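What follows is a structure written as structure tokens; I'll ask about it next.
Chains here go by letter, A, B, C and D, matching the order in which they are written, and residues are numbered from 1 within each.
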Amino acid sequence: MKIGILTSGGDCPGLNAVIRGAVLTGDRHFEDEFVGYRDGWRGVIENDLVPIPRRRVRGIGRQGGTILGTSRANPFHDGQDGAAIVRRAMEAEEVDALIAIGGDGTLYTANRLFEAGIPVVGVPKTVDNDLDATDYTFGFHTAVEIATESLDRLRMTGDSHHRCMVAEVMGRSVGWIALHSGMAAGAHVICIPEFPLSLDEICAHVQSAWDRRRAPLVVVAEGFQPRDAPAGLMDYELDEFGRPRFGGIAQALAPLIEQRLGIESRATVLGHIQRGGEPTAYDRVLATRFGMAVMDLVHSRRYGRMVSLRGTDIVDVPLTEAIDNPKAVPASRWDEARALFG
Amino acid sequence: MKIGILTSGGDCPGLNAVIRGAVLTGDRHFEDEFVGYRDGWRGVIENDLVPIPRRRVRGIGRQGGTILGTSRANPFHDGQDGAAIVRRAMEAEEVDALIAIGGDGTLYTANRLFEAGIPVVGVPKTVDNDLDATDYTFGFHTAVEIATESLDRLRMTGDSHHRCMVAEVMGRSVGWIALHSGMAAGAHVICIPEFPLSLDEICAHVQSAWDRRRAPLVVVAEGFQPRDAPAGLMDYELDEFGRPRFGGIAQALAPLIEQRLGIESRATVLGHIQRGGEPTAYDRVLATRFGMAVMDLVHSRRYGRMVSLRGTDIVDVPLTEAIDNPKAVPASRWDEARALFG
Amino acid sequence: MKIGILTSGGDCPGLNAVIRGAVLTGDRHFEDEFVGYRDGWRGVIENDLVPIPRRRVRGIGRQGGTILGTSRANPFHDGQDGAAIVRRAMEAEEVDALIAIGGDGTLYTANRLFEAGIPVVGVPKTVDNDLDATDYTFGFHTAVEIATESLDRLRMTGDSHHRCMVAEVMGRSVGWIALHSGMAAGAHVICIPEFPLSLDEICAHVQSAWDRRRAPLVVVAEGFQPRDAPAGLMDYELDEFGRPRFGGIAQALAPLIEQRLGIESRATVLGHIQRGGEPTAYDRVLATRFGMAVMDLVHSRRYGRMVSLRGTDIVDVPLTEAIDNPKAVPASRWDEARALFG
Amino acid sequence: MKIGILTSGGDCPGLNAVIRGAVLTGDRHFEDEFVGYRDGWRGVIENDLVPIPRRRVRGIGRQGGTILGTSRANPFHDGQDGAAIVRRAMEAEEVDALIAIGGDGTLYTANRLFEAGIPVVGVPKTVDNDLDATDYTFGFHTAVEIATESLDRLRMTGDSHHRCMVAEVMGRSVGWIALHSGMAAGAHVICIPEFPLSLDEICAHVQSAWDRRRAPLVVVAEGFQPRDAPAGLMDYELDEFGRPRFGGIAQALAPLIEQRLGIESRATVLGHIQRGGEPTAYDRVLATRFGMAVMDLVHSRRYGRMVSLRGTDIVDVPLTEAIDNPKAVPASRWDEARALFG
């Protein structure tokens, strides 16, 4: 078969390992031919693609990012007939099936295409771990490792200066990275969108750590807002130079903590370094297994489905599962984490 | 309650995070008092113990090794009445319950004690991942990360010198570390005890990589033996200086590959660096959760049981499960891995 | 002798290795006794100190931060008679000599004390590498490693998204960290305070990289300002929530680049993670050597001097040298670096 | 000009950064054309070369190993007229000048060619740091970082098991890597070829650490032999399977220490992982500067010379300096290091 691969949405450590796993499997066991669409759906829409011979995937399993590039393009954009666009593109290059690697948006698009009769399968990608359709996916643990390593460093400098360090990690709508990296680094309070603490609660935990002669470490997910945030606190509008009014929630929390408690506080926004790293071995193995397993879906014509991790097994589920079930931090995990606060 | 903790058997990254998780939970939520037995069962037998106040566990979650020390001592050694010994020791210090952190041997001992009426619970520890009673336990992924990082380095020097690099990783009876690190590093052949390849098969994969202008990377578990090993190949006896006759299976394979194929080959035995590292964030989180969960077992008097990871949940199972079910690499994972060989 | 040690100013990876080197040397070869003043000069002023027995320095050589704590306190603050304060404090505890570990401010204070007859020696500390009195000091190379690792990650995600990544590193008055980490990571333009580029020049380099299908990587020292910065660009005043108006120069540059060139740009401010890490081996060795060498100064009564690295040798120079000669990036190094831009 | 580059001898982190620095400089400032000889002098002898366009060096600065490959071939091998061979090869491809990147052997060969009238310049490479002609060269600090990281891990597992850990690092004739990594990791004894300790001395330091309740850490350079080694101890002959009789000096020392002191001891041979890593930022910067500076030698026709680091400056010296002056660990550095033993 001739198979088209695309990576779409935010990049994520492990994308290249998926591509490698799929291409090696197809090359060796099915004599498949692979093409890669550049920058996700944009490449499909504009018929911008490159062949992916086996030699091209040599050694990419450990590389971060994606060799195919990515974008947030979408064939259904502006009410266009995305299915027709994609079908035309596939026919033009005689592509028999598509492998779409991406998050809920990408998989939603893939499912619409599938419902329109296009042979497409999916590989779930979310650095935030917000897909309930799989226990974990590649990239999340790498991001947690990078965040934890940074938190360890912040704690050391915080201890030396007797400062409260406020660190902002990724997570617009879910707090998984904050929860895991915060637990790993022994944070004194973790702020996640699912269970918004109040400023009073945050300060109480900070004070309690301080009273035990600890330099308080506060980990906050970028999407967090304090339950009792003063009006305008989260005001992000740009100034005349196009600069954000401030760098993020961490930069809002640090001065508030300092004002309330009189404890010198510093903010750090980890930002893009969390998603750019080489994948950890855990993520390389998972991504490789996903890439290999998705080829079974293709060759058994189980279109409209995606690979998924359950326990230690790779299984497959309908693409719709990726869309219907966002995965927020459950109360049980939150209670577990908060039991260590302060 | 007054609770005794011990770490027994080979050390493993994450032991300290378990101790920290247990002590913080007991201290905050149950007003428990903790003592640590030095060097596993030896400390119990010799009544050698230290208090573990909350401040003692500060910041140990990221430390490798174990603050309590470990050994391979066993109260039932030489047919002694281990239960009586342990009971006496516990009574002498008014210890109400024991938390035994260790591998199958330790958990077997714990279960014998439980059957003799001693209030003991367990936390599974195996850097080799050979316990079927849990999906994973702490330490394994750290060892895989360290091994993979080393394999990445060996591959770079192998490529520059056009050499076949043979790397030996941990795994006396199971090949999990070899399987995961080998897949992560893109090894051309992985040798594990569960599915012993022959020298011919190994050489065939090495040659095939070589023919594609790759520097072959061979990952071998320490317990592997080629199916058709010449007599005496695995001969380990010590010489007059107490030196092992050779450093391990990798040092046996490398020259054989070089002799058969004429490809310059080098052996590296990763050894103890795999178990000594700081735990990864993954292992810190898992170990912390184990430490917290085992306190629920203690306080709900669910003795004779141990904590376990199933999917993303911490559950508990009888200690006997740890003993009855060693976890070897299954055929499905082996077929998956070998599909990428050569 | 009874020797007092203090660490003052911003923390820096390697401070603990200096303390360890000094204490081990004094303990073994001179039977010295050590006390540590808490939080730099504050501990001296308030007579807040702790004994540092040999066992206290065990294993601290690899720890970041400082076990003694640090602050920006200064005995001459508010025109006080700092010499009298320090002399009284030393007499009260029968401290024979002081080892002051710090940057130009600390060493300036140490020199004033020396001129007033106080037996004090110095160890230069500057994560920014802005002291001409020594080739390098500990902490700088660690900060460069951490920054470079982050830049490598930013480059990977930049490549995947075809974005211009703007990364801000430490360096208020000098650009050494930006220069070294930028060269190491292969940045397309490096912005340092010593040779302020204009926005036009920055954009020209970004465009030139873009035209060669590279994701532009811009490294900027926190103290940099474009030669032709529009009025108000660097406006840092706080808003009503005590938030800085923006997070730093990187957050000012990114939108300007995006506006001018139409290339999507993202800013990352590395911040405190650069100074909090475990020291690299290079810095551990240098710091240990400094700690050992400063004991020779003490026991040979060469007060008023500090240790220094020249080539591969540890030498000593007057404290005044640390004050009189800030070390900016020279034109030769700037020309060398810029030759790789664009 | 048309310039040929070759990398010869053992690989070393930073080789690719040298190539990148040279090619970018030549491409931008001199419109040079570059060719790379494959596998060092072998490529010259067999006229096996590849063009190195600018795009080929993209992103290689952080890659370990060498994109050109390396070997120990030598044009003067077997008394051949190496100069004639090289001249012919250069003329055949109209190569105007050679850049030889390698250790003392390579630079010796380069000098013989220069004396025969061939336009060649050199870049010193030695992971062992055994060239007196330069303060340091790239690769050494990377190897020290990797070794130190491993030693940190060995110390953690040693502490948990109360074992003496014996670690063998690179260094056949000089002990620089052992000296630096041992000091960085806080080893209790360091064994280097320049100042051979006796088994008694080694055991005395091990015992002294043990008596202070430390797990002794012994770092030994591969070329070390105890002053009083029993006859046959260092016997390396191969057995009938082509296996070395033992894995190295560490595997000889560990059992001897265990026999003499009754302290359980374990050996680890770090081996090739020390040379295969990605270069540290320090080595990337130094290698890049060397690559840029060597182009000045070429274009100013200062043939027969090589680049060198003195303090923080890149200078140039005659190739002969690399040959005449091996750099052993001097007594001053040895005394400094041993002052921390035991």
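Everything that follows uses one rule, which is that a residue touches a chain if its C-beta (ideal position, glycine included) is under 8 Å from a C-beta of that chain, and two chains touch if they have at least 3 such contacts.
Each chain and its UniProt protein: A, B, C, D = ATP-dependent 6-phosphofructokinase.
This one's a predicted model, so the numbers in the text were calculated from it and none came from an experiment.
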(request) Identify the chains adjacent to both chain C and chain D in the sense defined at the top. (result) none
(message) If you average the CA coordinates per chain, which chain's centre is most distant from that of chain C?
(response) B
(message) Measuring centre to centre with CA averages, how many angstrom lie between chain A and chain D?
(response) 40
(message) I'd like to verify one number: the distance from the centre of chain A to the centre of chain B, where each centre is the average of its C-alpha atoms, in whole angstrom.
(response) 30
(message) If a residue has to touch 2 or more other chains to count, which residues of chain B qualify?
(response) 152, 155
(request) Would you mind giving me the full set of chain pairs in touch? (result) A-B, A-C, B-D, C-D
(message) Please output the residues of chain D touching chain C within their complex, sorted ascending.
(response) 20-21, 24-25, 28-29, 55, 58-59, 61-62, 135-136, 141, 144-145, 147-148, 152, 180-181, 183-186, 214, 280-282, 284-285, 288-289, 292, 310-312, 336, 339-340
(message) Applying the document's contact rule, which stretches of chain C touch chain A when the two form their complex?
(response) 7, 10-11, 15, 39, 63-66, 69-71, 146, 150, 152-162, 165, 230, 232-233, 238-248, 251-252, 255-256, 258-259, 266-273, 275-278
